[in-house]
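Take a look at this one; I'll ask things after.
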């Protein structure tokens, strides 16, 4: 039992409760809520335009006060947000509202998009499968300014690797477009990874469907239940993206060009598909449970039939044997020469009749 | 078991997961997602107006650079979209956005309609029954330009055959109207075929209803579950058409004339009916499962009654026989002359009483 | 079994599938979808104003080219719509769009209202109980022109009889008002009949409720299931009326006067009540099934209790009898003078204890 | 059984079906639908202003043609609406539309509010508990004119008694305000009584919850089902009030002053709370049924365990006794001196092992 | 049993029914509905600006007639609202509408926000866990005027303690901002505490999930049911906050500055998250019940299998023993030398066959 319980703890969705650490603090208080306290932050700055590309590590936030050159786009990649002081300094340097910085380090913040005059701020959930094929959820905060995109992550996952690679390719479209296109490309990568998660949940649904049909156990029910919970959580993490993108597309902010909005519409298409798929998977998981219950009932029926057949055939026969086991002094049949054989014949006849009866009933 | 599992694989709805092949590629990348790689594409061009009709096969996409004559309408029928390069060339020749070409070869794209300045682009699901009466889903992309309709299919299904025939008839309305009417006629044929699918699912619902009432087995539950899944999938494929048509009808694009909009409203009527029917069928499938569960419970009740009756009647009788099978030296009844017959009479009396009792209870 | 199946076929709701007869035909093709092919059509024309009343049978549609006199209202009653050619001629004479004529003969058309410049066209479902108290659904199409109302029915049901009678009464309000009031009166009669259907379904719900409480059988579950299906179908047939009336009331067509709109609002009230009642009945039918399941479980509990009591009492007693039926040479009790009677006393004691035990448990 | 059935009839919600009495009559036909035909109507007129108060019984409707004096407000209280002729005369005298009079005597009319130029008409359901604590539903129609409020009831319930008392108190706010305030006060009294009903249903929910936990029987399921039905009916009767009040508050009619609208908003608050409470109670009733089912399953589990324990312990023991009851001539054990005692010891050992086994399983 | 029932009473959500105390009273009547009658009220006044801070207890409401100085903000904290007269006097002194005072003492008032010209009035539910980890719900009413915030509570809970502390800190943002910021800070503290409740319910869901998997009893079902009820109640208490905040943010009242609206939006974010979490928890609780039912069925299956195996193995063996226990004079086998041993061997063979059979079936 202990091993199973162990597995369950590992997979557990993050608690609402981490919140209570912040209980009663003033709004705008920068409090890290994740569980990677003390891991150092790493700030990386990728500067590029159509011709040049430069990547360097930033030592102090204040280096960022120097703006990129004209036509250049910068991707400020921050890995590790547990250092509350550093984050505050970064916020000041980047001219961010303290409420924004609060949300950057609040790893339990649900997906959101806030538009400010000078920047657009978004929180999303990065979802991917780890080596053990478990769903990992990471907090990602994005800030889009006219020539920079800030990316805040807890750990360096490989979700954005392809974007990085595309920047390296000199001829790539991403190089010739501005920060808003980079912002889109990152969102696109994020949402594309959601499909991998859905692919896995779909496979698990299929496996469970199979398992119910072939070898259902109580553990099957437990796995259905776990999958259901995960799908519910996925909806909370992925679901809001659709609405947030819709708002970005209809936004009147000058930070996002018309060209990029066309691309965002493409991501929105994916978000719509994701929501639909989640809806279908939820329905499937629900009907799996019903299916499981029906299979349990059927198996009980089978068990009952075996019992009933055995009991119905042998109880009357045993009764007959019992009669002739009685010790009355005057039992004429006992003295008959073929009494014993007659009774045996009778028993076989009853046996046959019962077998035929249950066969007719379709019980075996 | 293996055979059943085999059947199940065949029917399986397409995986979300094919997507991961595209993971991380730049948007607008033309990547074929179907499973017919390597099958050659065939481009056919039907040109017609009120008087003339011509049909020829196109060898290279560049032939399409020559526009049809004034008053003429062209149906460019592309069968096989797995050749990514050819599709890209076709897109360039037809002046299509790369995002559009991406969606044309993305056979897992959900139904959508996008309006561009010079054309309207739509993706739909073609649904029909194959020879084994299984539901087949094909990806269809339509592009409406002022004088051409492009149709992209994976294989040549006979869904559009009647439209083709109507073009052949010189007096047909379709000949005297433009590309938008052809576009409508194709949509109409597509949606009309949906009714055949619904007819089949309805029949299967009826059969299962019957099966539950006459001979329910665990396999019945399995078939209900499969049908439920298929209905859920049909909703994902057919459902969006209603909204897309609504948008086309309210569109301000000059590509669709007012006359054609009246006809599109008729297709919309059908789409509404389809959604309603799917809703009803889903509810029916749901209540079938409930019905099945109730029938399982009832049968278990029957099994239990047989067991209870047999046990309740014979267990007390066997007990009585057991008493007089005891070997006490002093058991006066054993010496009675009619002791044996008295006990037999008692047993028969108890038997009768039990039978009457259970009959009164309505147990048999 | 065959008899039951027979009954079920009779009651079956119309198939979606009749549609496929039309598969691939050009829109506007006049194709009869009902099952009364070959039954002759009868056209009747009732002309009336405040003073006069005339009723005659029309031989050829062309007679209708003569318009009614000023201030006169005409009710053109067409019974039997299976003659596709006649219907087309009637459509031409009445200046109806071919799409409208298509819908008139399409007996599977769902309820709809279309407004054209010169007329309003509506399709509704006429519902009434036949002699065997079965729900009969008929297709009715209504066309309202400035001075005429066309009524297309498949058979002559008595739903409109009272309207006819009210026209006969010289002092009736209906005589002094125009075609739109007649149109309203017909809709009112149609919707009023819906209440009779709901009354019957409600009664059946009550009967089933009673049956579950007194004598539930598997057939009860079947009847609940059938009723549920019928209620689902009723929603498809009656439900849209509410929205259609809402649209008629808000319509800006000059065909319906303000006065008549007040009356239509009254019909709308009824339609709202019908939808609510259907919603309640659906919920009731749903909870009936649950109630049935709970009663099945309870009865199984009862059966199990009988078995358990019988077995628990007699199995230990039989065991004791078995002990003293053993043939060991050295069994001192067997030689005791009152050994037999002591064992009998022990058995009675055990029996009493068991009875008291189960009584305490509340099992009987 | 007959007694139970009897009780059920009493509680039955009013049938949809009464409607059919009106089937086919012209709209505006004044037809009483209640079941108190022949009970005499009583018309009472309370006239008051800040200083004076007068109450008298009206003999003929025509007395009402005399309008109250300036600044005076009149409450016309009509008890008993079964006299269709009298109601029609009252309607004429009060200048009411015939459709309004139709709704006044239609005791099955669902809640509604209609605004006319000179008056506002509303139908509501008066709900209270009778002496046997059963929910009684009465039809109430209210008409608000500039200086009068007409109240039509079937019987004289005490719901409006407190309003009457407050009019008697000279210093009460009600005396110094107009007819619209009286209208509000009546609505307020009506809605306040709804809370008493909800209080009772809540108590019944609590009792059933307790019953399931202590002594669930099939009758418990029946009571849950009945309560569910009643809650569904309450929703149909109370639910629409929220929307109707919302409409009254946003109405532009001059009949309701701004001051009174503030008070109506307070009643709306209550109506919102009522709808919420009904929603919660419905959910509670639903989960009660589930809880009941789970308790039935649990009890069956208990029954099964008793049976299984008894059978599993004694069947093997009986078998052993059976062996040594066989009459083979050569059975060495039978001759052993302590054979009998060894077998007894074996039996006790098996018994102990079984008991320990089931105890370990947690079965008792 | 009595102890359990005792526990249940304690936890019971407040009754709708307290309302009936107010039945029939005039609107605006100040009637206390809580259950702390007679507990004395305490009025405390905290006055602060950027530099000063003063806290004193107010003896008579009339002291409040003296307004705070320019730039000063006052927090009037009223603990204990059961003294109806005092509350009325306070209302008069503060120039509040009597309907507002009615809602202040109506401890059962659902959450609401009303905007008046000179103040904004809100009722909320304060939720926290008491020492026994039970959810406690308290009624809180807030009134925001240009320079004062009135807080009415039933008892002094520590929910607002942190706000108080922040006022004490001279450099805190709260000191330099006006009454609207204080109003926001109080709301923020209120809503932040909701997360603690959700944290506890989530933990209980987890525990129950575990319990079902390890040791489900009927009490588990009861606890699921109780948790479900609590979650339903939490929705009624917490749910409306989202909408009320939305209204406050869009309000055009000058009482709330633009700056504070940004902060309110942050609270709104939390309210949205709370509603989502409640939705998820409700779904989880629902699926727990299903899971529980499936585990009950599974355990019954286990019980049945034990019974069936025991009965199926030993009943046939006992029958064989019965045969050779018969007393026929002519039973050749009885005289065979190794008859007994042959029969024993046969029995062992049958036993082995049965064991293998059930093992193959996977029953143990």
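By letter and in written order, the chains are A, B, C, D and E; residue numbering begins at 1 in each of them.
In this text, a contact is a pair of C-beta atoms (placed from the backbone, for glycine too) under 8 Å apart; a residue touches a chain by one contact, two chains touch by 3 or more.
Owing to the predicted nature of the structure, the values given are computational and were not obtained by experimental measurement.
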{"item": "Number of hops, chain C to chain E, where each hop joins two touching chains", "value": "2"}
{"item": "Shared interface partners, meaning chains that touch chain A and chain B", "value": "none"}
{"item": "Centroid spacing, where centroids are CA-atom means, of chain C and chain D in whole angstrom", "value": "27"}
{"item": "Distance from chain D to chain B - Cα centre to Cα centre, in angstrom", "value": "43"}
{"item": "Multi-chain contact residues (two or more partners), chain D", "value": "293, 297, 300, 304, 307, 311, 315, 318, 322, 325-327, 331"}
{"item": "Overall pattern in which the protein chains touch one another (line/ring/star/complete/other)", "value": "ring"}
{"item": "Complete ring sequence of chains beginning with chain D, oriented so that chain E follows", "value": "D, E, A, B, C"}
{"item": "Residues of chain A touching chain E in the complex", "value": "1, 4-5, 8, 12, 15-17, 19-20, 22-28, 99, 110, 112, 215, 218, 221-222, 225, 228-229, 232-233, 236, 289, 292-293, 296-297, 299-300, 303-304, 306-307, 310-311, 314-315, 317-318, 321-322, 324-327, 331, 333-340, 343-344, 347"}
{"item": "Complex contacts: residues of chain A adjacent to chain B", "value": "161-163, 166, 172-174, 185, 188-189, 192-193, 195-196, 198-199, 202-203, 206, 209-210, 213-214, 262-263, 266, 269, 272-273, 276-277, 280, 283-284, 287, 290-291, 293-295, 297-298, 300-301, 304-305, 307-308, 311-312, 315-316, 318-319, 322-323, 325-331, 362-363"}
